[in-house]
Amino acid sequence: MYSYLIPCILICTVTAYILGTRRATTLAKRIGEVKDLHSLPAHYGVFTALSSAIPALFIFAIWCFCEDKVIGTLVSRSLPTGLLQLSKNELSLVLNEVQNIVFGGFVASSSSDAIQAAAEHYKTLTSTARNIVSGVVIGATIIPAAIAYGRITPKLRARNIVETVAMVFLICCSAVAILTTLGIVLSVLFEAIRFFQVIPINDFIFGLDWSPQTAMRADQAGSSGAFGAIPVFAGTFLIAMIAMLVAIPVGLLSAIYLSEYASTPFRTWAKPIMEILAGIPTVVYGFFAALTVAPFIRDIGNAVGLTVSSESALAAGLVMGIMIIPFVSSLSDDVIHAVPQSMRDGSFALGATRFETIMYVIIPAALPGIVGSILLAVSRAIGETMIVVMAAGLSANLTFNPLTAVTTVTVQIVTLLVGDQEFDSPKTLVAFALGLLLFIFTLILNIIALQIVRKYREQYE
Amino acid sequence: MKNPLEPTPQVCKRYRTEKAFKRLGLSAIVMSLCFVFFLFYTIIADGYSAFTQTYIQIEVSFDETFFRGANISNANFPALVKRSMGKIFPGVTGRKDTKMLSSIVSPAAAYTLQNLVETNPKLIGTTKFIWVLADDDVDMFFKGKTVTNVAESNRRLKDKQLTWLDQLVSEGKLERRFNKTFFTSGDSREPELAGILGAATGSLLTLFITLSLSFPIGVATAVYLEEFAPANHWTDIIEVNINNLAAVPSIIFGLLGLAIFINFWGLPRSTPIVGGLVLTLMTLPTIIIASRASLKSVPPSIREAALGIGASKLQTITHHVLPLALPGMLTGTIIGMAQALGETAPLLMIGMVAFIADVPGTFTDPSAVLPVQIYLWADSPERAFSEKTSAAIMILLAFLIAMNSIAVFLRKRFETKW
Amino acid sequence: MNIQTIAAAGVLSLLLCGPALAARDYISIVGSSTVYPFATVVAEQFGKTTGSKTPKIESTGSGGGFKLFCSGVGVSYPDITNASRAIKKSEMLKCQANGVKDIIEVKIGYDGIVLANSKSAPLLKLSRKDIFLALAKEVPDPKNPGKLIANPYITWKDVNNSLPATTIEVLGPPPTSGTRDAFVELAMEGGAKKFKFIKAMKKSDKKAYKKLCHTIREDGAYIEAGENDNLIVQKLQANPAAVGIFGFSFLDQNSDVIQGSFIEDTAPTFEAIAEGAYPISRPLYFYVKKAHVDVIPGMKGYLAEFTSDKAWGEEGYLADKGMIPMPVAERKQFQDDVVTLKALDMK
């Protein structure tokens, strides 16, 4: 029974929907036509279905979450006193052993009789509890649905109820996104504050040296331990810049061509093929940048007498630019495509060429979307790690020469957070400070973008 | 007299600009397509050979003496393989030589025999010809992926082994076959035995969670923020914040996931459910931004028309605005999912960068995902893993293309021009 | 649309539930990325031959491994951690504080650290002193012995006349890596000791001595190349002037395209490292939680597999993968420790 609960609930819900709709239609016929109901019959159906599904799923979900804990606690209560005195963690090991016997049929050589008995107890408890829960859940599907069914009258404001539920759903979903932001800000903020208690904030923001790998243990010698963020941000900026120099022109031109010039079959094929660029794993780009592009740039540079380091910002930036082309092209293409045809027609009617239409009518109309897509691309460029690690190295040089090795914020965050780490040394904490600074940096970028969009957006209609 | 229909120099110039612009657009597309094909070419050229594997035929006599113990799995299967190899080359003696000889078959050969005997105990006492996997060094040699013109001491395969291999080839006891193992097994530290199924299943489970959470939540958030939320400073702040989330390094999402899902909710480490949840958080901003952009691009006149004939706000949105905005939302989802499919950094924090040989069956089994598998294989010392890496990338791309084509199909159905 | 909402809710709740979380019936291992390739082989062998679930092995780095390992006793914590160095006192204290009382230390073998370059470049014959002079941040002033100056050397020839005149360009691990720790300890410090006044510093000012020996130059001659050793190998092929630092197993697998530099006139070969003639090699370990041995399925089997001669012996499969085995007596000792579950003495 228990394992079929979900299908049961689903069947009940569908039945409730059908019954509710039927009932509404019958009621409507009794008093006249469907238009005499307050809401559409489907609304009544959904209303019934919702009252059947929501309570049942809610109860079931709660049970799923706490089943282990409830039964675990019950079983551990009944354990012999010798085992009861164990610490909480050790008790969890004993319970694990019990569960292994119950679910996996695994019996450790040392399994004592007490544990065997506990396993038996566990089994009975689980099956009893599950039977009870099944009953409750089935009840919770049928009873509220029956009540809702009984409440269906032509005057019942079913649509309003259903829409309220839908609104609640929408708000909950927005809350997830907002809570994520909050979670990230908070988790970064507190650690960053701890970092600033060790290293003065000025030294961090305005420092020109970056060498954070201080000694973790007493017997280890690290590097000088300078925490100046400027070289790291300069590197990020440099690489993102190079990437955008590739991605914006190529992406935007592709988007315009796809939506304004290309034939439909060409567009249908070319767009998804280009989107693949965004999905190729970054390891591939990393190898490509490090083993193909970087030596190529170095050879060219050496041929014309430039000193090019074998790990260069240029290689990483170019390859990253290729990776984010689809962010610009696909999203911009969608918004350009969505510009009303009437606007194009109007522009053509005035004698404008396609080029002029695009430049003076379509791009201004599609600007918010285009800026959005570029922002997303910049974000991705800033957030990318693998390519930079593989092709541009880890050494922080304060330079704007694209032919030298640089490092980026995300690369530093990743290297600081994996490997040897200690959550109270400035070395690890600085990762959070970097994250916070990056957050603020992109925040400013986003606010500027919002202002630009506001200022230049041509709102038609 | 001048023909009035003849274009003026100014018009000519405008049309020249027009043409140049069109050419520029086309070249941009051609350029990106070239990149795609170039990357595909390099991946496929390196990886296609992983789909075949070198096999060696050995004659195994399953003597009863080998299976004296009660438990079949305790028998010394590697010795059985060794003896069978000795049977092909009776002239090979000496400890060092025998070791070299048995090292041209994969250690996996012992597992093959063990499996055979365990599934069919009647084999004991019989003699059978069995094709077993060759060692990865042999495989690499036959695929031409090792440099052979260096001194013997620098080669993985020594001169003696090469002559044995020549003999095997001439006797028809060595051939390349389709590599079924690659598609049917999980990870392994023996390149010839390593398969992608575990990681692919892991990716499938993880992406299922990510998609089924991030698409509805993302779209719902976008609808709420774009259509219902009052236009005030709060909404601006939320908008900027969500845009900002897209730039948060993905590893930070991993940290958040570690704190919430593993430490607070107590979900098990290294499992698709945690991976899926973390990737959901990571892809949400992308989907929300794209969805909002496409909602913005739906002309207000459509909303006004629907409201005008008496539809409720929700009906307007669900019946008219959403279908029109769906192509853009799907694009955002594709890009977001593509990113989720290829992401490793946040998974590092929640323990999914791990060696997991068993194929996961449920959302709470430990599992790896494709990019992690690629990352791990790319970092393995054995040369043969390099082609496996490329092959795994091909599988990942196949995944991606399958996902994209579904989305393209849907996008095609919903796209309208007005 | 409301049906869509319901569908979404249904899926949501489906996902929230799934099957009830089953107990952990596999071994969970974390730790060093250097031990990872060896531990995985054992795990696989164990899983394939016994039919038990294959242990799950995460590659978190030695430090990260200890951190997870020492967080507590219980199913949500790992059973074993791999390490490319011995556990530190501070880490032991942390373990103690979190209730991880008995830990079994098992040394499994050695790993050589090699310097290598492309086959197309001349073979380097280095001494540890050369390595120190080429890579340290501060070196003794050649004109004024006893004084330290910032590293002035640009080519290998500047360091030692017998070396080729190529620019010093070394691709090596970042400081987060255990390989780097071992490299500076064994190669750099070993080279620095050749200078008498530096050796004298060890007694007078240990901190300054460590700092001098262990600090690698940050002017671009040493490139931190991330943890991907395969990438280093491929970069060496693409750039014959560069020298790479990585584990022996990568040299072993790629000996057809790269060559290991001689250190103190010894080539980095399996035999030389095993005999101890090759100076840069370090021990590898794993640590087991005693409290977990009986309760997690398969623990004893895994330990027995790892410490069997067919795994870590001279002819074992780990040696095939490039791990350098320990001498017989040492193996016997650790094997006994495992059988008797002898806990590490927490000093």
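Per-chain residue numbering starts at 1, and chain names A, B and C are given in the order in which the chains are listed.
Here is the rule we use: a residue touches a chain if its C-beta (ideal position, glycine included) is under 8 Å from a C-beta of that chain, and two chains touch if they have at least 3 such contacts.
Bear in mind the structure is a predicted one, so any value in this text is a computation, not a measurement.
Each of A-B and A-C has its own count of C-beta contacts, and the greater count is at A-B.
Taking the mean of each chain's C-alpha atoms as its centre, the chain lying closest to the overall protein C-alpha centroid is B. With centres computed as the average of Cα coordinates, no chain lies farther from chain A than C. The geometric centre of chain B is 28 Å away from that of chain C, both derived from CA atoms.
A separation of 19 Å divides the Cα centre of chain A from that of chain B.
Per-chain CA centroids place chain A at a distance of 34 Å from chain C. Taken residue by residue, chain B touches two or more other chains at 216, 314, 378, whereas all remaining positions touch fewer. Shared interface positions of chain C, defined as residues touching 2 or more other chains, are 1, 8, 18, 21-22, 24, 60, 76, 227-228, 231.
Residue positions 166, 169, 287, 418 of chain A each touch two or more of the other chains.
On the side of chain A, the complex with chain C involves touching residues 6, 9-10, 13, 17, 42-43, 46, 49-50, 53-54, 57, 60-61, 64-65, 67-68, 87-90, 92-100, 102-104, 106, 108-110, 162, 165-166, 169, 211, 213, 216-224, 286-287, 290-291, 294-295, 298, 309-311, 389-390, 393-395, 397, 404-405, 415-416, 418-422.
Contact residues on chain B toward chain A in their complex (touch as defined above): 14-15, 17-18, 21-22, 24-29, 31-33, 35-36, 39, 42-43, 216-218, 220-221, 223-225, 228-229, 236, 238-253, 255-256, 259-260, 281, 284-286, 288-290, 292-294, 296-301, 312, 314, 324, 327-328, 331-332, 334-335, 338-339, 341-342, 344-345, 348-349, 370-371, 374-375, 378, 389, 393, 396-397, 400-401, 404-405, 407-408, 412, 415, 417-418.
Residues of chain C that touch chain B in their complex: 1, 4, 8, 11-12, 15, 18-19, 21-22, 24, 26, 28, 30, 33, 36-37, 39-41, 43-44, 47-51, 53-54, 56-60, 76, 119, 227-231, 247, 249-250, 252-257, 259, 310, 315, 317, 320-322. The touching residues of chain B, counted against chain C in their complex, run 73, 78, 99, 103, 107, 111, 114, 146-148, 150, 153-156, 188-190, 209, 212-213, 216, 266-270, 273, 314, 318-319, 322, 351, 353-358, 362-364, 366, 376, 378-383, 386. Interface residues of chain A facing chain B in the complex, by the touch rule stated above, are 159, 163, 166-167, 169-171, 173-174, 176-178, 180-181, 183-184, 187-188, 249-251, 253-254, 256-258, 260-262, 268, 270-284, 287-288, 292, 322, 325-327, 329-331, 334-335, 337-342, 353-356, 358, 366, 368-369, 372-373, 375-376, 378-380, 382-383, 385-386, 409-410, 413-414, 417-418, 435, 438-439, 442-443, 445-447, 449-450, 460-461.
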